[in-house]
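Read from first to last, the chains carry the letters A, B and C; within each, the first residue is number 1.
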Amino acid sequence: MYYSPTPLHIPDGFLSLIVSVICWVITVAILGVAVSKTNKALGEKQIPLMGVMAAFIFAAQMINFPVAGGTSGHMLGGALAAIVLGPWAGMLVMTAVVAVQALLFQDGGLLVMGANILNMGLVTAAIGYGLYRSVSGSSKGVKLGVIGVAAWLSVMAGALLTSLQLWLSGTSQLDIVIPAMLGVHALIGLGEALITVFAVAFIMQTRPDLLGEGSESAKGSRSWVFVGAIISLLVVLLSPLASADPDGLERVATDMGFINAGQSAPYEIIPDYTLPFLGETALSTIFAGVVGVVVVGIIILLVGRGMKAHS
Amino acid sequence: MPVTHIKNNFKAPECDGDILAVNDLHFSYPDGHSALHGVSLKLCEGDKVALVGPNGAGKSTLMLHLNGILGGKGEVEIAGMRLNRDNLPAIRAQVGLVFQNPDDQLFSPTVFEDVAFGPLHMGLPEDEVRARVEAALDAVRMTSYRDRLSHHLSVGEKKRIAIATVLSMNPSLLVLDEPSAGLDPRARRTLINLLRDLPITMLVSTHDMKLVEELFPRTIVMDEGKVVADGLTMDILKDEALLNAHGLEKP
Amino acid sequence: MHFDAFDRYHDKESFLHRLDPRVKVVVTIVFILSNALLPDGAWLAFLTAWLFLLLANHLSKLGLGYSLKRSIIALPFALIAITVLFSIPGNPLTTLRFITWDFTITDAGLLRFVSILIRSWLSVQMAILLVAVTRFPDIIHALEHLRVPAVLTTIIAFLYRYLFVLTDEVFRLLRARESRSAAAIGTRSGGGVFWRAKVAGNMAGQLFLRSYERSDRIYNAMIARGYAGHLYTLNPHEMKSRDYYVTAFAVLIIFLMQVIGRF
């Protein structure tokens, strides 16, 4: 009743194993840094603050406003979380939100959670904070304007990444999924931008100390400006390119080894029957044997543990 | 110098402050707003004392001083220990502070985890923690709620669990902020019975004058950051001039 | 507030309810992983996976069709995979006409599309079952046991505790907005989209500040009970022999699925 799955929460089954694993690796690496950074800088107050802020983002996603024709605007919150909490804490908070949505509501899958965290939590926070940080010290109007652009771009970045992952998984056709996803999210992003701007404006007015000098928000490193700028640039350049010239992107993917160039359908990557980096060789048969032995080993180990626990 | 109020002649019961002694406490918030101007009071073993006064009188601020969450100028002594930085952990175990909103007090997903939080952070071993959780839940008559989820509880149940979360630390002083606020009559009655039966020294801030009359032999009236009266409840409730002057009503 | 709208746990006394949460989390993930590994069109393996799922449903005492009933949640997303129907080369099955475009569904495309849907449908059902038979705090404990960083599990625990409190606040705010959005007969209520967005944004800002202040009060409640920057928890779960056997059994079945899927 309160819950409407958005097109950015990918369920299990729609991403291939390889793409899911690659996304998990990237996500875990970034989160590892985030955890160690926040652990180091962690004031005692930060734990309950981040916890309640995660609940805030979760609840704020339910605030909507009617647009037209039965549709409504609402907010994902990645940019807002990073702007008010700082980039690393913002990422952890968004990760918790995505994790709870997947675990508790099946809004987004588990194996693909790495991708979902990356798309909705990490990239959105990086871009939101990076652009916001670039105008620290500017007037309120400039800040709010940039926040709006950042919030919009954060949604577009998430949508672009999602499209690319779906395409690389052989789930969607590039020349359809990119324009479709970006088109829809260009509108969704407007909702995000408006709510984020008005929310920050409200906070600036009532508790300026929370965003001013010395606040968590101001402590993020200046190098975030570069991160934000680079992601923004990628989104701005890649989106039209991918829509206009999907073949170009496919060529890149082929060169990078994502797509099996020998296949007639270019997006049908990663042959399912064998491990992609091994190919259909004797090696993969041997590998299958090894996997079998490992699984048997695991089973024996578990039964052994069970007997030990029994006695 | 502390100002002596001679408007009334209530006498605080004879007590040398073996549980709590606050002497000439002053405090101002960082924004400059001054909340306490020389508060002094004493509590002895077994005292059940009501703390009344209008909003903004400084009751909550005073309570936050009792276990060092706020630190103003003046002396606070708990069970003979002078509150300072070094004995803060020990003091916090001695003073069970229950906040007004049980949703702030109960921050763990399950009742068990919340009641275990205090003893765990006192560094007690697991067996002792579990035993204390049982005892605390038993004291508020909620043993069957151990594995319940906090957000499933009614307000009345939350209030009782909130009390259990500090009882598990075996405090020598229980400090409650507005325990009966927001309760329906039945939950309020259960809470009153519970507070009456708890064999522990308590200081309870409240606007509920009926509760004061029924439960607390002694009442302290605060206004504008000062103690303006401290004496037997039945005497204070008779003094209509005093009650009117500080925005209180006869029950 | 109807908390049931958010709580997916169903209290029952069943074999699955009593299992260690770690076992349930790990088996769910391995099952989903296995689905992702199964090749397109491995019908027999899909069938085995479904039987495994039915067994789990049965063991949960929630009824054989429990997870099925709730599994439509992932369906809208199927739209995103629709292009594979037309884009994978193969023998044409049928052609759809849409204005001026012809879409030819191929057998290879259909095979891939159906396989994606089945994988997704099987996986989401297992995840649904996981939260139906495991209390969410126990899932958090399982994550702690499985070495998820404490900062994250703590944030998740707070999120779970306060999502009920804060969504309640959101609904109060939304209700207050609704009750003030009156309109004269024949006119539309409220201003333009911009104005409505501003109201929503202010609501979010207001909610943020309330949450911020709440976190302050929670912090006070924590330090009042001895918190000094380090969180301690009890290890509430212990693996019993049954838990090991069940894991071994599940791994075996899932491995067999993979074997079946490849021959």
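Throughout what follows, a contact is a pair of C-beta atoms (placed from the backbone, for glycine too) under 8 Å apart; a residue touches a chain by one contact, two chains touch by 3 or more.
In this text, all values refer to a predicted model and were calculated from it rather than measured experimentally.
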| item | value |
| --- | --- |
| Subunit B reached from subunit A - shortest hop count over touching chains | 2 |
| Top-ranked pair of chains - ranking by C-beta pairs in contact | A-C |
| Per Cα centroids, the chain farthest from subunit C | B |
| Centroid distance [mean C-alpha coordinates] between subunit B and subunit A, Å | 46 |
| For subunit B paired with subunit C, centre-to-centre distance based on mean C-alpha positions, whole Å | 43 |
| Separation of mean Cα positions, subunit C and subunit A [Å, integer] | 16 |
| Numbers and ranges of subunit A residues touching at least 2 other chains | 48, 51 |
| For subunit C, residues contacting two or more additional chains | 136, 157-158, 160-162, 165, 214, 218, 222-223, 227-228 |
| Multi-chain contact sites of subunit B, meaning residues that touch two or more partners | 107 |
| Residues of subunit A defined as touching subunit C within the complex | 1-2, 5, 7, 9-17, 20, 31, 35, 38-39, 42, 44-45, 47-56, 58-60, 62-68, 73-75, 80, 84, 92-93, 95-97, 99-100, 102-107, 109-111, 166, 170-173, 176-177, 191, 194-203, 206-207, 210, 264-265, 267-268, 272-273, 292, 295, 298-299, 302-303, 305-310 |
| Contacting residues of subunit B [partner subunit C, same complex] | 64, 67, 69, 89, 92-93, 95, 97, 99, 101, 103-110, 112-113, 116-118, 120-122, 126, 129-130, 149-152, 165-166, 169 |
| Of subunit C, residues touching subunit B in the complex | 3, 7, 135-137, 140, 157-158, 160-162, 164-165, 214, 217-218, 220-228, 232-234, 236 |
| Residue numbers on subunit C that touch subunit A, as the complex places them | 5-6, 8, 28-29, 32-33, 35-40, 70, 73-74, 76-77, 80-81, 83-84, 87-89, 112, 116-124, 127-128, 130-131, 136, 139, 149, 151-152, 154-163, 165-167, 169-171, 173-174, 190, 193-194, 196-209, 211-212, 214-216, 218-219, 222-223, 227-229, 231, 239-245, 247-248, 251-252, 255, 262 |
